[in-house]
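Here come two complexes built around subunit A, the first alongside subunit B, the second alongside subunit C.
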Partner chain A sequence: MTQHDIIIIGGGPAGLAAAIAARKAGIGDVLILERDDKLGGILNQCIHNGFGLHTFGAELTGPEYAERYSDQVEELGIPYKLRTIVADVSENREVTYVNSTEGVVTVKAGAIVLAMGCRERPRGALGLPGYRPAGIFTAGTAQRLMNVEGYSVGKKVFILGSGDIGLIMARRMTLEGAQVCCVAELMPYSGGLNRNIVQCLRDFNIPLLLSHTVTKIHGKYRVEGVTVSQVDGNRRPIPGTEEFYECDTLLLSCGLLPENELSRQAGVGIDRVTGGPVVDDSLMTDIPGVFACGNVLHVHDLVDYVSEEASRAGEHAARFVKGSVPEGREIRLEGSGGVRYTVPQLIRPDTMADSVVVRFRVADVYRDKSIAVYYDGVRVQKRKKRIMAPGEMEQITIRKDGFAASVPEKITVTVED
Partner chain B sequence: MQSYELTCIQCPIGCALTVTVDGDAVKVTGNTCPRGEAYGVKEVTAPSRTVTSTVALTGGALRRLPVRTAGDVPKAKIFEVMEQIKKTRVKAPVKLGDTVIENVCGTGTDVIATKTVK
Partner chain C sequence: MNDNFDFDVCVIGAGVVGCAAAMMLGRYELSVCVVERAEDVCSGTSKANSAIVHAGYDAKPGTLKARMNVRGAAMIRELSRTLDFSYRENGSLVLCFDEKDMPKLNELYERGIKNGVEGLRILTGEEVRRLEPAVSDKAVAALLAPTAGIVCPFGMTVAFAENAAANGVEFRRLTTVTGVERRGEGFTVKTDRGDITSRFIVNAAGVYSDVIHNMICENKLHITPRRGEYVLLDKQTGELVSHTVFQLPGAYGKGVLVTPTVHGNLLVGPSAEDCGDPEDTETTAEGTASVKQRALLSVPSVPYNMTITGFAGLRAHEDGDDFIIGESAPGFFDAAGIESPGLTSAPAIGEYIAELIAKKADARPRENAVTERRGIPRVSELPAEERSRLIKEDPAYGVIVCRCENVSEGEIVAAIRRNPGAVSLDGVKRRVRQGMGRCQAGFCTPAAAAILSRELGIPMEEVRKNIPGSELIKERI
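Coming up: the complex of A and B.
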């Protein structure tokens, strides 16, 4: 069986940054496996600008951001296989992939970096009543059809869900001559970034209906319209509030789900809230030598944070291959009181770096509240935040020297007054 | 005197701005920092945006070439710029940053390729 030092599953922003960091950390034998016919992942279809403000201090488009990383991969001569789908990852770090030139191949890895990204929540997972006519797309599928394949997706569009991709597509389709009648959002707030609401909806006078959802899809062969209802505090449609919107296309932007089928096959422990692997401060899963980063780990708001996190995963994978294994005592991290989860979920104080960034999301919109950190019930950090919203990731830093006196069993991150 | 209600997009706080224009005098209230004031003034006096889209591509591995305006163009000219972009066809190979349309609609800004296609 062929052996590689590090195998990276996925050639999107996370996989590319992890590969570059691993190579720069001195690992010569790094291999990227990518199922699409080009590197860059979802960035290829995100032709809008706004990427890279943190990483490059510039507002790049998705393809430009991707090319900065794929150029580095080429310059460093990191090998990659395109049109190659990974069929299985095993607990002993064997990766089985399939492509049309080699057939089915199983290779052994010194370390694996999971960087498969995420997938959109499809109609089937939303329980939308009605027929199954043509014209219903997830926002990302419509984005790919329009921006990469060059198809016109629809003329009169209704968008359910105010996630960023939905907002971006509202502008994109308007610019291409479609009429976007409305964006409906189940929650009382938008899950998208403020600037997207302003520049993608308000710029084009597209209404945003909060606390509304689609309660019926009309049309047997092609979408002919949708019925939209207001929902109550429990997200249940309120009878009598139905309104009909004529449209030929329904786009769904209702959340992203980390794509962890391979991780599950390998037996990696999955966090119920993030839908991604449980990792320690080195971004290693509960299978030694298997690391995770990017949207497969938890859905990020900005690609800049994906790149930064993936670089760390690549560095830690390199260290693992060289024989430095994260081990020793474990501190559990947990979110409570409005903090939905933390990544990592575990810190190993004996092998951790001098400081570890812990990222999380909050459950609601909070104004003038604080983020507090407790070590076994004793508060050690408190920071005021003017605003926190579910659509944006928050972070705290845990320092190793904070454990000099004693190591807590549990670290709790919470929202408080 | 005219008054505009805006949401500031300079940071996640999203202050609700009221911008009043009285002749040459532009006044911003509701902001909590100088960036908000600058944003409010610009949005009512000279709003501008970067336009991103795709153009038809032949001779390459892709059918569409992603493009953007190199700088911002006046907001009022967005659809005019889109018309020019829709009419444009490009032949591969193209390099990221190559000019696709010079001085689009007289805005002083070029439309450039945002991807290299061999």
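Coming up: the complex of A and C.
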């Protein structure tokens, strides 16, 4: 069986950054496995700008941002396989992949970085009643058909869900001459970035209906319209509030789900809130030598954070291959009081870096509240935030020297006054 | 046989019953055509049902339903091997929730014995839960039928159609019957694509079988489309139960089932709602909620947050509540009112009708009739070596298009090139399961559409979900 030092599953922004970091950390034998026909992942279909403000101080389009990384991969001579699907990952770090030139191949890895990304929640999972006609797309599928394949999916569009891809597509389809009637959001707040609400909806006079959902899809063969209802505090449609919107297309932007089928197969422990692996401060899962980063770990708001996180995963994978294994005591991290989750979920004080960034999302819109951090019930950090929203990731930093005196069992991150 | 007609037999409807009849007729020296309104076979009731092979204890002894059910179940067991479609004998349980209902459970048992169902046993509540730990504590007893099974309804219907085509049966899809008239000893079938003349007609028009029947027969039929809603869950949940779990009809209604599918998903349903419109396959918030709620009576832990889709199907319910099979007018053979256990009974109905017609036409069995068929290889299920060999022969088998169900380009191409082949996204999906997984075709739709466009030689704008009017995209930018 062929052996590689590090195998990276996925050649999107996370996989590329992890591969580059691992190589720069001195690992020669890194292999990227990518299922699509080019590197870059979903960025290739995100032709709008706004990527890379944090990383490069520039406003790049998705393909431009991806290119900065794929160019480095080429320059460093990191090998990758395209149109290659990973069929299986085993607990002892054997990776089975399939492609049309080699057939089925099983290779052994010193370390694995999971970077498979996420997928969109489909209509069926949302339980939208009505017919099942053509013309219902997840926003990302429509984005791909439009920006990569070059086809328009509809002329009169209704968008359910205010996730970022939906907001971006509202603008994109308007610019291509379609009429976007409205964006409806089940929650009382948007799931997307504020800048996208401003730049993609307000600038184009597209209404955003908060606390609304689609309660019926009309049209037997092609979408002919949707019935939209207001929802109550329990997200249940309020009878009598139904309104009909004529449209030929329904786009769905109702949440992203980390794609962890391979992780589960391998036996990696999954966090029920993030839908991604449970990891420690080195981004290692509960299987030694298997790391995770990017949207397969938790859904990010900005790609810049994906790249940063993935670089760390790549560095830690490199360290693992060289024999430095994360181990020792464990501190549990948990979110409470409005903090839905934390990544990582675990810190190992004995082997941790000098400081560790902990990222999380909040459960509601909070104004003029604080983020607080407790070590075994004792508050050690408190920072005021003017606004926090579920659509945007928040972060805190945990410093190693904070454990000099004593190591807590549990670190709690919470929202408070 | 008869030079005065285009065909000896015209089968109206390419659902599972029409395809089974065509397959069985094709095994005689008869020329046969099948006309179908939709763009593909298996597009009506056959595509949206419980996918169950019923053991045969439900139907009243002596009825056509009972006879066809028991014979059909036995045939499917055999045909799944010779025609290579997915079938598993997983056994079924009918749960009883009230001691007062025990006589009804015993009645089912007795009926099953009379109908010739093997292996039936009444289990205590505890025995049931030992067998199926997820079953509710409220179940006090159950009827176990080990010979019940689950089948892929798409795979079975397509297998019948392909086997029929291999014996010369002609399929005319996207062809709607607008009238049936007498023509000498036979008929003229009027369609939107011209007339077809035939000596015999098989009416397998599903929810429209009353309309077709009434075009020619004196005694009128009335079919009520009865809508059933279902909820389908992710494959992660497919092992929650291993048997098909029914509920004994009781005070709470007719009951819904919880079953694994042959592909490893979990299926919950159906509701039962009579509707006037034979096209009314929409799901409703109330119907879905009611099905989900009622299933919890049997299996309280169904994880509905793992739902991947919901759908509705229509059963053709006839007022008299039995199958209507046979020669209703000279030369006109009905297979009407085929509701549950219609999927199970289909091959038996096909066999029975083919025998009747062959006898009347004095047709001999076809010499060297094709009786076996290989399905499209499911490459992801092959052992590594075999999969590699197939990829070497045809590299398209190494390109995975649908990542959720692990479907390769090679399989999609094969689905299109078969006879009768897929001409739509739905047709591809039903043959090889592309788009049937947890992302529900989010990722693979563009690629599958491009393959259809290339293989059929049509522009992308003409790639359809199913019939004309269901085009996927509007225009090239």
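Just so we're on the same page, the second predicted complex is superposed on the first by the 417 of 417 C-alpha atoms of A that agree within 3 Å, B and C clash if a C-alpha of one lies under 4 Å from a C-alpha of the other, contacts with A are read in each partner's own complex, and residues count from 1 in each chain.
Everything that follows uses one rule, which is that a residue touches a chain if its C-beta (ideal position, glycine included) is under 8 Å from a C-beta of that chain, and two chains touch if they have at least 3 such contacts.
Computed from a prediction, not measured in an experiment: that's the story for all the values here.
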item: Touching partner for A:Ala389 - first (subunit B), second (subunit C), both, neither; value: first
item: Partner chain in contact with A:Ser152 - subunit B first, subunit C second, else both or neither; value: second
item: Per-residue touch tally on subunit A - higher for subunit B or for subunit C; value: C
item: First, second, both or neither for A:Glu59, with subunit B first and subunit C second; value: first
item: Touched partner set for A:Phe244, first subunit B, second subunit C, both or neither; value: neither
item: On subunit A, positions contacted by subunit B and by subunit C; value: 146, 148-150, 176
item: For the subunit B and subunit A complex, residues of the former touching the latter; value: 6-7, 9, 12-14, 49-54, 56, 61-64, 66, 68, 75, 78-79, 82, 96, 114-116
item: In the complex with subunit C, residue positions of subunit A that touch it; value: 35, 83, 85, 87, 96, 98-104, 106, 119-120, 122-125, 127, 129-134, 137-138, 140-141, 144-146, 148-155, 176, 215-217, 220-222, 237, 248, 261, 264
item: Parts of subunit C lying in touch with subunit A, wherever the complex brings them together; value: 232, 236, 279, 281-285, 288, 307-311, 380, 384-385, 387-389, 391-392, 395-400, 403-404, 406, 438-443, 445-446, 450, 460-461, 464-467, 469-477
item: Residues of subunit A that touch subunit B when the two form their complex; value: 37-38, 44, 47-49, 59-64, 67, 146-150, 175-176, 193-195, 197-199, 202-203, 386-387, 389, 392
